[in-house]
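Just so it is clear, A, B, C and D label the chains in written order, and each chain counts residues from 1 on its own.
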């Protein structure tokens, strides 16, 4: 008769089904849901791109337009939160959102395009303006100058300096 | 090696004259080199005298390191808490080594995997067929060689309809089988398995005559990705995705392997949290399995009850880790910061576990005492003690056949040496015993968690270390819900692993399935297959035959 | 189509190489806590009975021919619900040698064979919560509104004003007259990188 | 003229009720499993959806496979016409109860025939199970009907329904009918031919769309026919009370059946057959008792 006792216990327990989607469900504080890039804080340094295990975050540069794109494809994201951990500027966060279903793949992309800084010597864009600005603010005035020149030109200048010094 | 010179193992090695070429790689691992023609004697002595069992084989492309290929056979001496690696070398021009499958049948799959992935041939292997790679894969391309690019996608041939079952085992001759009996394919997309995997079951009416297994449909190339694209800190995230049920155990085993290789001491608190999360995973996995088992027995109410109880465990996992699958907490050296268990959560966890235990106990005895459940599980799918030893099966499957083995008890890792628990063992070896063993383990796990929560130490969460030294070998072993999970790591350059091979317990357990199926009723096939709690994605780490394949049609319209 | 499946949708679960995480969550959506059956969703054992396919996992090379066959066996009109990050975009395996990628890659192959692309709903997550899967299935039937929107932000050109022209000019002059020591260069190079 | 109307009411009443009863069953089962469950009309929604789907879109199954389903369904419809259900009237003729038994058996045979010719191994195993189950179940059913005939001394449905005197043998055979109604309605633990986890749909595996709808519908109608025979024996044949009592009993029976279903696991075919074997012997005993006038 155990089988009927099980049914009686079940009846006593009652229906446990939640009312979702008519009512929202409780999501814990620590939930790791959709990552969101804070477009005001992101400087496009690419630290998250290096840390991201599935390459959900990618970095693309449009050198003609002079724009660096940080692309977040949540359709590949594994919600590990490494990006949040490594971001030096606190610009990416995992939110509590989990209703991410879409009918089109395009809706799964978050793209942040940042203007790139062009090297005043060769005119080639090499990093974002925001990153240059952050670094400049941290450096003493006399050292600021070199951030504003692209790595290639910097190499050239060092080489030139070296030969100059030797001479 | 001096510490071993007077011990049993030292004597054994001296007898074979390989003591001089043996070295200690980590405190619990020794490596035997230059075995040459003494290989068979060594294997036999290790198994007979040391009571060690064969675990797995690993092929490594060591050409960039020392100019040759290498094969490592891993033996585990459970009672000594020791891993014994036997290293064989193969020259790059003629990569051939001696096969140990003739004396150790359990090495069959592992050796064929090495043949597929590295291209080292095994002389004397009885079934040297392709095992893992897809059948349209070019025959001279070996994915795990270092000169193979991980994202080299070979064009897919348009017609792959002809599937050769090279990976299967025949006990009765295949031709005879097809003539006389109906073949009922179970899988790859079979509702009982929820994973693409293929069992071809030969039946005479309703009685099973023989079974063949074809797996590795989920081969995703995990090892290659980990060795090329990912860094040390990223690998735990792919290790977790070997399996969606016991993922945390895989990432723990990986971290243990790297930590052993590099000699990193993990802080106590991280060890405790790892153990807590591992036990939560075990409870959820066992409850899930019981639910599926009852579903396969046609008792859907039991399935619903088990999963209803499990839902609370999932809520707990979500509360602690932010994800229902306890993913993401491990990192080499400890636990990530956001996965700390704060003081305020402890009473909540205890309350929840108590209510789960209470509700679980209210149902489980009544369900397993039901006549149909008992009839369909008692003396069904028997695996005897001897067969269990021969096939070196692991975990609850082995414990239900009377083998007392548990990594947590005999080779403690994480915080298991600090807690008190017993290892349930049954002698019947049938499906019923497997249910009871898992049932008792659930209760043990609940008690382990509360013991751990009581003494949660206050230390940092992650060990501080500068770098991970190169070319070191490390083995990490954990008790997954399905048995011993072994990870082998060789550390490499540029913050990347050189070689990483996970060996999931189902890899060993699956081999025993055809044995258990023989002579049983077709109706029992799903529950017997499921009784080992097969985790195909674990086994394949990277891998089913369809109802609609041409092959099957042919068999039928005959 | 949404009117046809508004009250009833039978789902066939197809694992194309998933790690089990999503499969378990799909099953979980049918258990008491979420109970997808209250929306008329049912799991069926044969693709021929199904209206929709719940596809989990990246498409592996080995599973491909079977996946195509299972997809063909589902009668029209069919819905594909790509569950989990692996099915949506290939996940952590997206560029491995034995994995094709997400469903999009599968459709490319189907289109070459002249098979129509079915209606697809993407449910990202790793694994998605059972509620998220339920939400995805309801979205496919037009019973809930889509919340996730793609977002493209491009900084305006005025960003260039952040760094004063004078500073740049002065640096240029400085460099042209080569007044910087090598040490400075190395230090700054390391900071920026 | 009225008679035709009554029979139409009966026929369409059963067609309408069968899916609703299934919906009720599903929802009760869900409640017993702590779920909210589907609405009462869910089975209707499922059927309507299937009716709208075109079965041809996945390749044309063989002629026999498809048409056996329609044959099976039509046979059941004729059974509905012969049998009084909501309103206790039917075209009656001598021996109509025998025809009813024949119709029920042949509808099953058509179904099995179709599934065998589909050639799918799962369907084959499913139909072999179904054949062995049905052989015994139909034998028991024949025994039950003969007890009815013997105790009432008639082969006319009009005279059999309802029973006039409840002899012990008749009551025993009613209990057996309750059991057989359960076995024949493909419910757990006897749902062996379709056993989803073992055979993934078994005998109905190959059908899609419209074909599947009719296969599914015939199972539902078969259930209601067995319940109707049981109820008709018990409740009075008055035109005014009968429909109400009939519906009440039908719902009650569904509730009982669904609670039984929720508390059992699937039997293995051999143990199911051994249970049925015992039932055949009991049935034989009851027939002997009925002959002896008990």
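General remarks:
The rule we apply is simple: contacts are C-beta pairs under 8 Å (C-beta built on N, C-alpha and C of every residue); 3 or more make two chains touch, one makes a residue touch a chain.
This one's a predicted model, so the numbers in the text were calculated from it and none came from an experiment.
In terms of the stated touch criterion, the partners common to subunit A and subunit C are B, D, listed by label. When chain centres are defined as mean Cα coordinates, A lies farthest from subunit D.
Judged by contacting C-beta pairs, the busier of the interfaces A-D and C-D is C-D.
Between the Cα centres of subunit A and subunit D there is a gap of 62 Å. Inter-chain centre distance (subunit C to subunit D, centres taken as mean C-alpha positions): 46 Å.
Taking each chain's centre as the average of its CA atoms, subunit A and subunit B sit 35 Å apart. Here the CA centre of subunit B is 29 Å from the CA centre of subunit C. In subunit C, the residues that reach two or more other chains under the touch definition are 31-33, 35, 38, 45-46, 73, 91-92, 95, 126, 129.
Annotation for subunit D: residues touching 2 or more other chains are 32-36, 196-197, 200, 262-264. Multi-chain contact residues of subunit B (touching two or more other chains) are listed as 190-191, 237-238, 241, 301, 304-305, 308, 323, 327, 370, 547. A complete topology is adopted by the chain contact network, contact being made between every pair of chains.
Residues 230, 233-234, 237-238, 241, 301, 305, 308, 318-323, 327-328, 336-338, 362-363, 365-367, 369-370 of subunit B are the ones that touch subunit A when the two sit in their complex.
Those residues of subunit C that touch subunit A in the shared complex are 32-35, 38, 85, 88-92, 94-95, 102, 104, 119-126, 128-129, 131-132, 134-136, 138-140, 144, 146-157, 159-160, 162-163, 167-172, 174-175, 178, 180-182, 184-189, 191-193.
The part of subunit D that touches subunit C in the complex is made up of residues 26, 30, 33-39, 42, 45-46, 48-49, 52-55, 57-58, 196-197, 199-201, 204-209, 212. Those residues of subunit C whose C-beta lies close enough to touch subunit B in the complex are 12-25, 27-28, 31-33, 43, 45-47, 57-58, 60-66, 69-70, 73, 91-93, 95-100, 109, 126-127, 129.
Touching subunit A in their complex are the following residues of subunit D: 31-36, 259, 262-264.
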